[in-house]
Amino acid sequence: MTAAATETPALFAFGIAATRLAASGAMIDCYFPAPLRAPAPDLVRVITAHFAPGVSAVTPSALQAFLTDVGTRAPDSTAVLEPYAELASATTALHAVVLAEDAAISHTAEAYLKLHLLSHRLALPNTLDLSNLFTHLPNVAWTSEGAIAVAELPAAQHRARAAGRHLEVHAVDKFPRMTNYVVPSGVRIADASRIRLGAYLGEGTTVMHEGFINFNAAALGPNMVEGRISQGVVVGAHSDLGGSASTMGTLSGGGNIRITLGEHCLIGANAGTGIPLGDRCTIEAGLYITAGSRVRLIDADGQPAGEVKARELAGASDLLFLRNGLTGQIECRTNRRAIELNALLHAND
Amino acid sequence: MTAAATETPALFAFGIAATRLAASGAMIDCYFPAPLRAPAPDLVRVITAHFAPGVSAVTPSALQAFLTDVGTRAPDSTAVLEPYAELASATTALHAVVLAEDAAISHTAEAYLKLHLLSHRLALPNTLDLSNLFTHLPNVAWTSEGAIAVAELPAAQHRARAAGRHLEVHAVDKFPRMTNYVVPSGVRIADASRIRLGAYLGEGTTVMHEGFINFNAAALGPNMVEGRISQGVVVGAHSDLGGSASTMGTLSGGGNIRITLGEHCLIGANAGTGIPLGDRCTIEAGLYITAGSRVRLIDADGQPAGEVKARELAGASDLLFLRNGLTGQIECRTNRRAIELNALLHAND
Amino acid sequence: MTAAATETPALFAFGIAATRLAASGAMIDCYFPAPLRAPAPDLVRVITAHFAPGVSAVTPSALQAFLTDVGTRAPDSTAVLEPYAELASATTALHAVVLAEDAAISHTAEAYLKLHLLSHRLALPNTLDLSNLFTHLPNVAWTSEGAIAVAELPAAQHRARAAGRHLEVHAVDKFPRMTNYVVPSGVRIADASRIRLGAYLGEGTTVMHEGFINFNAAALGPNMVEGRISQGVVVGAHSDLGGSASTMGTLSGGGNIRITLGEHCLIGANAGTGIPLGDRCTIEAGLYITAGSRVRLIDADGQPAGEVKARELAGASDLLFLRNGLTGQIECRTNRRAIELNALLHAND
C-alpha cells in the first residue's frame, strides 16, 4: 500500500464485478455495479495499491479494505464507488479488473467491463478496442436463476422439472440483455430482451417493442427507436426509426461503409438503409436503400437532376427518398417536404 | 351507509386495486381483479356509501365490509365482485377508484383503471378520455419481482447480485404487459411482451410472436395478428395482419387520419398501410401504402381507370393493392382475385 | 417382464415425461428429458415389458424399476436414458409414452413427444404425422411458475397479487418455447420467446433477436437467422435470413407450394419469398417475391431474356432477385454478382 505521490500512470478503466463461475470454473457472468473510466489520479493510486493489473479474484474483506482506503486517500471518489458497498458483503465471487490501456480483450471479465462502459455511457460505439470480444464471451444460458453454463443446463432442467420447479430459459447467447446490468437514466425500453449489454442509449431514448439495439451500437438520444440498430451503427439526436426499420451493420456492408444517421432523420416503418445518412434525411415507409440502389435525383424545382447509385449520396443531408408509385423509380428529392412527411410517418409511441 | 333509494347518480367506472408503492410513496402499479363499468344502481349505492369519489386508500377490513354489504344490499353484483374476495386478505396496499364520469385522467390509479377497462373489453379504443395518460403513468422497471421504481432499481440490482440472486428486468416502460393483469377469453398470445395493458383483444384473436398491439388499439376478433396494431388503430373481424405488417398510428398520421381496418382484410407480410381500409381489402406482401402514394386504378375489366393518391381511397372496400413487377407501379384493382390472394398470403399460424 | 428374445416389433418412439396436470385433471405440459426414436431391440423389449402402449401414468418407483431392468437387459441404452435418473425421485406426475408407429396424434403427451423429437433433432420437419396436433395441444398460460391452465389463471393472479408476489405470464399459447425443454448443441438463441417447441435448429444455427422459428420448421445449420422461418419451411446449410425476412408458410401458400431454401442462399433484410429457392439464391433487401410476382429475366450477358411469374422459377439455383431502382422492375439475374451482394447484405451478428 505504498503510494507514489506523483507520476502514477493513468488507468484506462477499472471495476469490481460480482461474478458467476460454471462448475468447470469458467467465468460466465460479470456484473459491475460501477465501472469507471479514467479514474482520478488519487483513486488510481489506491486501486493499484490494492489490485494487480488485469483480472484478479477479490474477497469481500479485501474489497472492504479497498473502500476504506478510498475514503481516506481518495475521498472525492467515495460517491462514485458507493454502489460497491453492497458487494462488500457479497456471497458470490468477486473479481477486480484493472486495465492500464484499451488493448485487445484477453479475458471474459475484460469483455464484460468494456460492454459495461458502453452501456454506462462511458464510451461511444466504435471507440473501444473490441478485438477478440467473441473469443472471450462464452455462450451462456440466461435463465430465471441467472447465468448457467450451456453444458450444465440439461441437468439443471432435469432437476427443476423433477421437483416441479419452473426454470425459464430466456436466451442462449454470448451477450446478456443490458437491463439486467444497467438502466441508463431517462430511457424507456418496452421489451428488454432486445437490448444487448454493450448498447449505448442516450438520455431521452425510447425503444419500442419492435426496436433493437445491438452491442457497440447507439441511439444518442433523444430518439424513438422502433427499428433495428445494428452493431457499429450510431443514430444521432432526434432521429427516429419506424417499426422494423433496418440499418445494415458495419461488419456486413460492402467494404468499409459504416452506417450512421445524423440528426433529425427518419427511416420509415419497414424501410431500411445501407448507406450512412447526414442530417434531416427521410426514407419513406417500405423503401430499402442499399448502397447499390440506382436513384433518380429530383431538384428543388421538381426537375430530374440525373441518376446516381445510392452510395454516392452517403453522408449527405436534407435528402428525401421515395419510390414513385406510378413509375416505380426510387427518387431522391431535396427535403422541402421532409417536415410534412416526418409528421406523416413519425413513429407513434 | 345511508342509501338514497332513488336518484342515485350513475358511476362511469369503479374498481379496487392491489397497488404497489415506491419507497417515495409514489404509486407504481395497480391491479384491478374486476374493474366495473357503469355498475348497477343498487351497487352504486353501496359503492358510494363505502368509498369516496376519486382514489382512496382502503384497508382489507374495509374491503371486507364493503363486500359483505354488497351481499346484503346488491346481491346481484356478488358474482362479478367475487375476484375481490382474495384481496380482503391482502398483504399489499389497496386503493379504491370511483369515477363519476369519463373525464381527463388525474391520478395513476385512474390511468390504470381505464387501461383495465380496455383490456377487460369494457371499452373500445378511442371511446375513453385518455387525456393526461402519459403524465400520470410513471416509468417503471418491470421485473421478476414485480414493479420497481426506476430510481430504486440500481440498489435492488446491487443487492440481488451480491446475494447471487437473479433479478430479471423485463421492461422499463410506462405500460406493463397486459397478460400480467388479464387474459381475456378465447385468445392466444405467443409472446406476451408485445401486448400492452390497454390493448383490446376480442374473442378468437391469435397474436403470433411478431404481432404487437399497443394500448388503446384493438383486434376485434377473430383475427390472426402477426403484424403491428398501433395506438388508436382498430382491426375488424376476420382481418389478418401478416408478419411485420405495419399500421400507422393515429397520433402520427398526417392530420386527422385514423387508421382502421374493416372486416375480411389482409395486410400481407412486410406490408403496411397509412390509410384506413374498408372491408375485403388486401395489400400484397411487401407493399407499403402511405396516404401520399400515387396509385394506378385498374377496373374490373383489367383496364386502366385513372390515377389517385392513396388517401382518396381511404375507407373504401373491395380493393386489392399490388405493385406490378414489370412496371413498378402501385396498382389498385377491384377485388375479384382477392380471395385467391388471401389464400396465398394468409398468415400461417 | 418376460422377454421374447426375437421378433420384437420395432417402436417408433418412446419417452417418459415429467407432466403437469390442471386442477381439472387435464394434462397441460410434458417434459421429456430424453425422447427416443426407434429404440434398439433389446431396449424395446424392456420398454414393452414395463409400459403399456400409448400413454400411461408412471410412479417414480416404476420408473426406477424400469431403469434398473435396462441396466441388466439393455445395458447399451443406459447412457442415453441417464437423464431419466433425475425423474426417479420426481415429486411431479410422470407419464410414459410408447408409440408403435408414427400415426395421427391422439393424446397431449403424444403431441409433446413428437415436438420433442423435432427439437432434439430426431426428426426433420415434414417427416412426422402431425395430424390432430392442434386438437391435442391445450391453450396454456406459460408463467414464471410454469404451465397454468387458462381457466385457473385469474385465481392464480388474484392470489399472487394479494400476497404481493409477482407472477409473470410469458405467453398464452398451445406451444411452449423450445429452450425450456431442450437447447440443442451448438446454437445461439438471442430471444428464446421466438422459438417454439418443435423447431429444428441444426448445429451452428444462430437466431438473432428478430429471428423466429415455428414448430415443424428448420434451420439445418449453420445459419444466421434474423428473419422468420414459418411452419413447414426448411432452410438449408449456409443460408441466411436478414432482419424481418419472411418465408411464407406451407399451410398458406396458394395450393401445394412448400417453401424451402437450399444452401448458400440469402434473403435480405425486410425481404421475403413465396416460392422455394434452390442453392445460391439471393433476394435483395426490401424485395418480396410472391408466387404471382411478374419478373424480368436478365441473362449472364445482362440482356433481357423474357418475363415469367416467380412461381416458374421455384426451386431453381443461382438466381439473384433485385428491383431496379430506375425502372421499378423486379429483375432476376444470373448470379455472377451474388457473392459480392451476399457480402453486402450479409446479416450482421
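Order as written gives the chain letters A, B and C; numbering starts at 1 within each chain.
The rule is short, and it goes like this: contacts are C-beta pairs under 8 Å (C-beta built on N, C-alpha and C of every residue); 3 or more make two chains touch, one makes a residue touch a chain.
Given the structure is predicted, the values throughout are model-derived calculations rather than measurements.
Trainee: Shared interface numbers for chain A and chain C above half of all numbers used, same, or below, different?
Mentor: Homomeric contact, different residues on each side for the most part.
Trainee: So what angle, to the nearest 5 degrees, turns chain B so that its CA atoms land on those of chain C?
Mentor: That pair's rotation angle lands at 120 degrees.
Trainee: Can you check how far apart chain A and chain C are, centre to centre, with Cα atoms defining each centre and the answer in Å?
Mentor: 31
Trainee: Where in chain B do residues touch at least two different other chains?
Mentor: If we look for residues of chain B contacting two or more partner chains, we find 144, 170, 193, 244, 270, 286-287, 323-324, 327-329.
Trainee: Using the touch definition from the top, list the residues of chain B that touch chain A in their complex.
Mentor: 139, 141, 144, 150, 153-155, 157-159, 161-175, 193-194, 196, 212, 214, 228, 230-232, 244, 246, 248-254, 270-272, 274, 286-288, 290-296, 307, 310, 323-324, 327-330
Trainee: Under the definition above, what is the set of chain C residues touching chain A in their complex?
Mentor: Per the touch definition, chain C meets chain A at residues 18, 20, 31, 33, 83, 86-87, 89-92, 143-146, 170, 177, 179-183, 187-193, 209-210, 242-244, 268-270, 284-287, 323-329, 340-341, 343-349.
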